[in-house]
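Once you scroll down, you'll see the structures, which are given as structure tokens.
Heads up, the next two complexes both have subunit A, just with different partners, subunit B and then subunit C.
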Partner chain A sequence: MTDSKLTLPSPELLTGGRAAPRASPRRLVAWYIVGGVVAVLGFLVPLVLRNVHWLDVLGQGLVLGVAATGVGILVRQTGLVNFGAGAVFGGGAYLYAIAVLQLQIDMTLAFLLAMVGITVMAFLVGIITVRTGHLQFAILTIAFASLLVQFVLTQFARPVTGAADGKILQQTGTFFGLSAKAMFQASTFWPVAWAAILIAVAVAIVVERSKLGRIARAIQENEERMLFAGYRVLWPKVAVFTIAGALGGLAGALTAMHYSFVSPSLLDISSGGSILVAALVGGPQSAFGPAIGAILYAIGEDAFGAAGRADLLTGIGIIAAIVLLRRGFVGLIEDVVKLIRRGVAKTRKGSSRVEH
Partner chain B sequence: MIATLINSIAFSSLLILVVTGLAVIYGLRGVMNFAHGALYMAGAYLGYTIAQVANFWVALIAVPIVMGLVGFPIEFGVFRPLRKLSPMNIALLTFGAALIISDVILRIFGSAAYTANLAGTGLEGTVDLWGQRYPVYRLFVIVVGIVFSLALFLWLRFSRSGMYVRAVSQDPQTSAMTGINADRIGMWIVCLGTGCAGLAGVLAAPYVAVLPTMGAQMATIALIIVVLGGVGSIGGAILMAVIYGFVTTFGAQFLPEFAAVVPFLVAFLILVIRPQGLGRSRTT
Partner chain C sequence: MLSIEGVAVNFGKVQALRGVTMNVEPGVLHGIIGPNGAGKSTLIDVVSGRTAASAGRVRFEGHDISRRSVVWRKRAGISRSFQKTSIFRNETVRDQLELVSALGSDAAVEEIAEALGLGSVMDAVAGTIAYGDQRRVDLALALVGKTKLLLLDEPGAGLSSAETMAMFAHVRELTEKRGITAVIVEHDVDAVFATCDRITVLDLGSVLAEGTPAEVRSNDDVIVAYLGTAA
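Right after this comes the complex of A and B.
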């Protein structure tokens, strides 16, 4: 195995040297500093934002953003679009609920179990689904989410899942020192949600820069070429799918923890659709785009969801993202910044010419 | 047992109508229409409304025509201007459209379940079938399904335009080189596809509960069937529709606990063995 690995050409070579865009070291340091400052300041938001309602809305946006970042990683690295991210989102929530209710273990342990469970599930589903084409993959993700919804609703699963009624959780113990009550409160839940989104974005960046990400992108560009070059094309895709699934499960488990409640709506197409639209609106081509999209979506959902029209928002969001914002909100910002820069450069050039 | 068997055939007939529309639109336009279920639902609600104010026979004639005409704005307003988008982006677009259509229908009709009125059509009531009472209407659905499948087969196999459709489905570029006007055929096929969805919807209106969730449910089933049949293969889709109809109906009979789960499990099992689906799918 190791012998053949030595002779493999690098994925960059196979994609004509177009690998992860690397900023210059000085600029990279600047980005790290900015990122670090934002990361730390984010924890302090509840001290500034006193409005409980908005804190709650934004907190939900962050959790949605964790799942959306997962969907974004999958799109960016493999080109696969997951319509049924509700499967891992709701799956994580239900696994956590089952661990809490059936095993009667404390929150932290139940969370860890749920994370292991959802990662294994994502891995197994990934092996089946990523082998098919892009459209088939999209349809299968919907199929799998529907399968889980139907399973949760069966009489067989009712004692554990509560079927259509859902289940209220009696959580014991603490999660990072927070009791179930503290997890429910917007101001104390915020740091957990913020930490989760930082982890998700960090995972997205690490995957992007890792060898796994480079191989996955090269496969996306031309699967046959990678196959002929001696790479295995299945496992990188499965690995990325599993990582994305684990992030979806993380968001789901946190949601169950936050509300102390699970219901089949966490699993369904509406749930998966809202995760997908968050990723698309934010811009899946950037590591932090989906997180921004999720916050925008949460703000929109606050208005639409109250009228029971969250699906309408999702539908409009998807169409707007495809037709108007081809590269999402982040792409739009980048374009605006580029335009301004070009404008500035032009005026500078113009003024220097005058000086000569 | 006989009732279950006939029920399977009736459900399969309905599925054949839906998946045929989905498969031909994919074949000719390369669009995986996630809104197909929403069109089917629109057909069902339209059929219910017309049956309410006029007669079910009127609905049965009018709805497929109206829904077929809907194909024109879809073709000229969406598929043609946006043909430069990737198939995935168009699929996403139709997914968004499906959500919007569902919301609109929910706003107009509410979340209550309706059933289309069959009074005065001669299709209500039951007949004696080998000692069992069986609803006439389901037999009618079977007849429509069989006639439709036969007509489709004869058209695709023996007519010139049918040959063009098969050619473009298999290889759009080569068939365009031989002088087939894929655009014009595509336009009619899109209308045929939406008309099929409308026909399936109006046929379903007296048969299943007309609900705002029926579209998403049917879309999921139909899309799975198309994947299992081999994307782009019309015959594969029809074959899978029949298999799916039987598995679901017999599952409901003998494994009522898991009726809703069984078809999905079968679907995943098939894909483990044959990731490309059962039929002969287009290579691109």
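Right after this comes the complex of A and C.
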């Protein structure tokens, strides 16, 4: 006789351990649809948000988000925390500025040259830094950022970098059809910034799901085992660092293009700190967490600036966000969704009992 | 298959290995036993490339591999497990076996997992399964990926005698089936005598005795080292 109340044992009982969570194909399709809709709707924001100031603040947040997504990729895939992200952010900006001013070439070409340059630079810095321990890595990234600031300030580099005064860019041509003036205006800069953040998040997702991402995470978890499994543990880390650096450079080049200006502050530790904090506030464990964190950071910084205590209030806000939101803003959203689901499940259980 | 010639390892003033010479014939299960500090694990480390020898040579299939990297040795077919369980705790058993076997294009993941009794935990996150299963995952990670020479550093660590015997039986079965030569360092002497074809006894970094289990069991030096008095 069969027991009508017989239920299947949980996967945990069947396997003797906790079964790995896997997203169902239906859920994945739903995510892709939601993502696609958000991606398209994002381009239409300037049509809805007419306030130029807020559009500019959010645009800056998106650009910061591109760099923060790069930092997030590095944290998630390798466990390495880059305190000197300003080096690639400012590096991208300065390479773009140098291409524009010294080579006097079209904006698009200058941008592409800057991207190639910053990617090569990130690759070379990666070879040196990722082979060290986590603490040494963090210190080396700060050292590289400081080194670049000092180089920019030297008399030798002054004709090209403008030293502490920075450089105003006389941009010629267009950036994929947009003039320097259009790139400065918040409403026309927005689609560029939005496209950049979409690219950054897509790169983060692709890296996470790629073989490279899988290998990098395995190295993060057990480097010695991967070595004895025959994997060269340096190159996957260098590759992830290079990708993260390229995203930082992309954000920097767009910033230089937007403001038509570069200065050493783009390279320094506080610039890298803002990027890192944005990633932490959003939640680096998620592909889109750093982007959300960057937007929140930009909004917070602007609001605190309006209150006349920008640094003080930003500092308090950062401490509160990191202490209270251990897994960042995205982690908070995940927890809330879980709570709601549990509540719904309990309500359903309760109502089915009443019916019986 | 494996030839160790006068290998010495010094850690500062401590001599972990003092001119060890031994041969491992193809297809055998070769046990290495000895008291704590005898240099057993160091010997495995030297062969796998984890530790560089201060003197001597290691030959594998006739080639001097003394200066070859860990990665080169693995790709040549030398694989190892660790005394402390070394698995990917956040990955499923299946994912990590597939990842590790991918380089060697080894399709035998399922076969090895089944033979080691891991079939029921293949889709479980490795950090959540029982310790005995984790040890078997550790062994499976060493076995997959076209292994020719398997180096096992105390596979029975933390297991009961019965579990260790079962583990050795699995090793015997799999190595025979896949034509793998194995070198096993183990504290559980009974398991080694019951399973291995040949045994090397190390003491204070030197070879004390070598031979079949029967030869080693009756060796006076071994009896003195283990029992403190001749039989």
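One rule holds for everything that comes next: the second predicted complex is superposed on the first by the 315 of 356 C-alpha atoms of A that agree within 3 Å, B and C clash if a C-alpha of one lies under 4 Å from a C-alpha of the other, contacts with A are read in each partner's own complex, and residues count from 1 in each chain.
Throughout what follows, contacts are C-beta pairs under 8 Å (C-beta built on N, C-alpha and C of every residue); 3 or more make two chains touch, one makes a residue touch a chain.
Just so it is clear, the model here is predicted, and its values are computed rather than measured.
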item	value
Touched partner set for A:104, first subunit B, second subunit C, both or neither	neither
Contacts of A:322 with subunit B and subunit C, given as first, second, both or neither	first
Contacts of A:218 with subunit B and subunit C, given as first, second, both or neither	second
Subunit B versus subunit C as contact partner of A:172, first or second or both or neither	neither
Contacts of A:151 with subunit B and subunit C, given as first, second, both or neither	first
Which of subunit B and subunit C A:232 touches, first, second, both or neither	second
Per-residue touch tally on subunit A - higher for subunit B or for subunit C	B
In the complex with subunit B, residue positions of subunit A that touch it	79, 81, 83, 128-129, 131-136, 138-140, 142-144, 146-147, 150-151, 153-156, 269, 273, 276-277, 280, 309, 311-312, 314-319, 322-323
Subunit A residues touching subunit C - in the complex, by the definition given at the top	11-12, 14-20, 214-215, 218, 221-222, 224-225, 227-232
List of subunit C residues in touch with subunit A within their complex	48, 50, 70-71, 74-75, 79-80, 82, 86-92, 95-96, 99-100, 103-104, 120-126, 128-130, 133, 141, 145
Subunit A-facing residues of subunit B, complex	32, 82, 85, 87-89, 91-93, 95-100, 102-103, 216, 220, 223-224, 226-227, 231, 257-258, 260-261, 264-265, 267-268, 271-272, 275-277
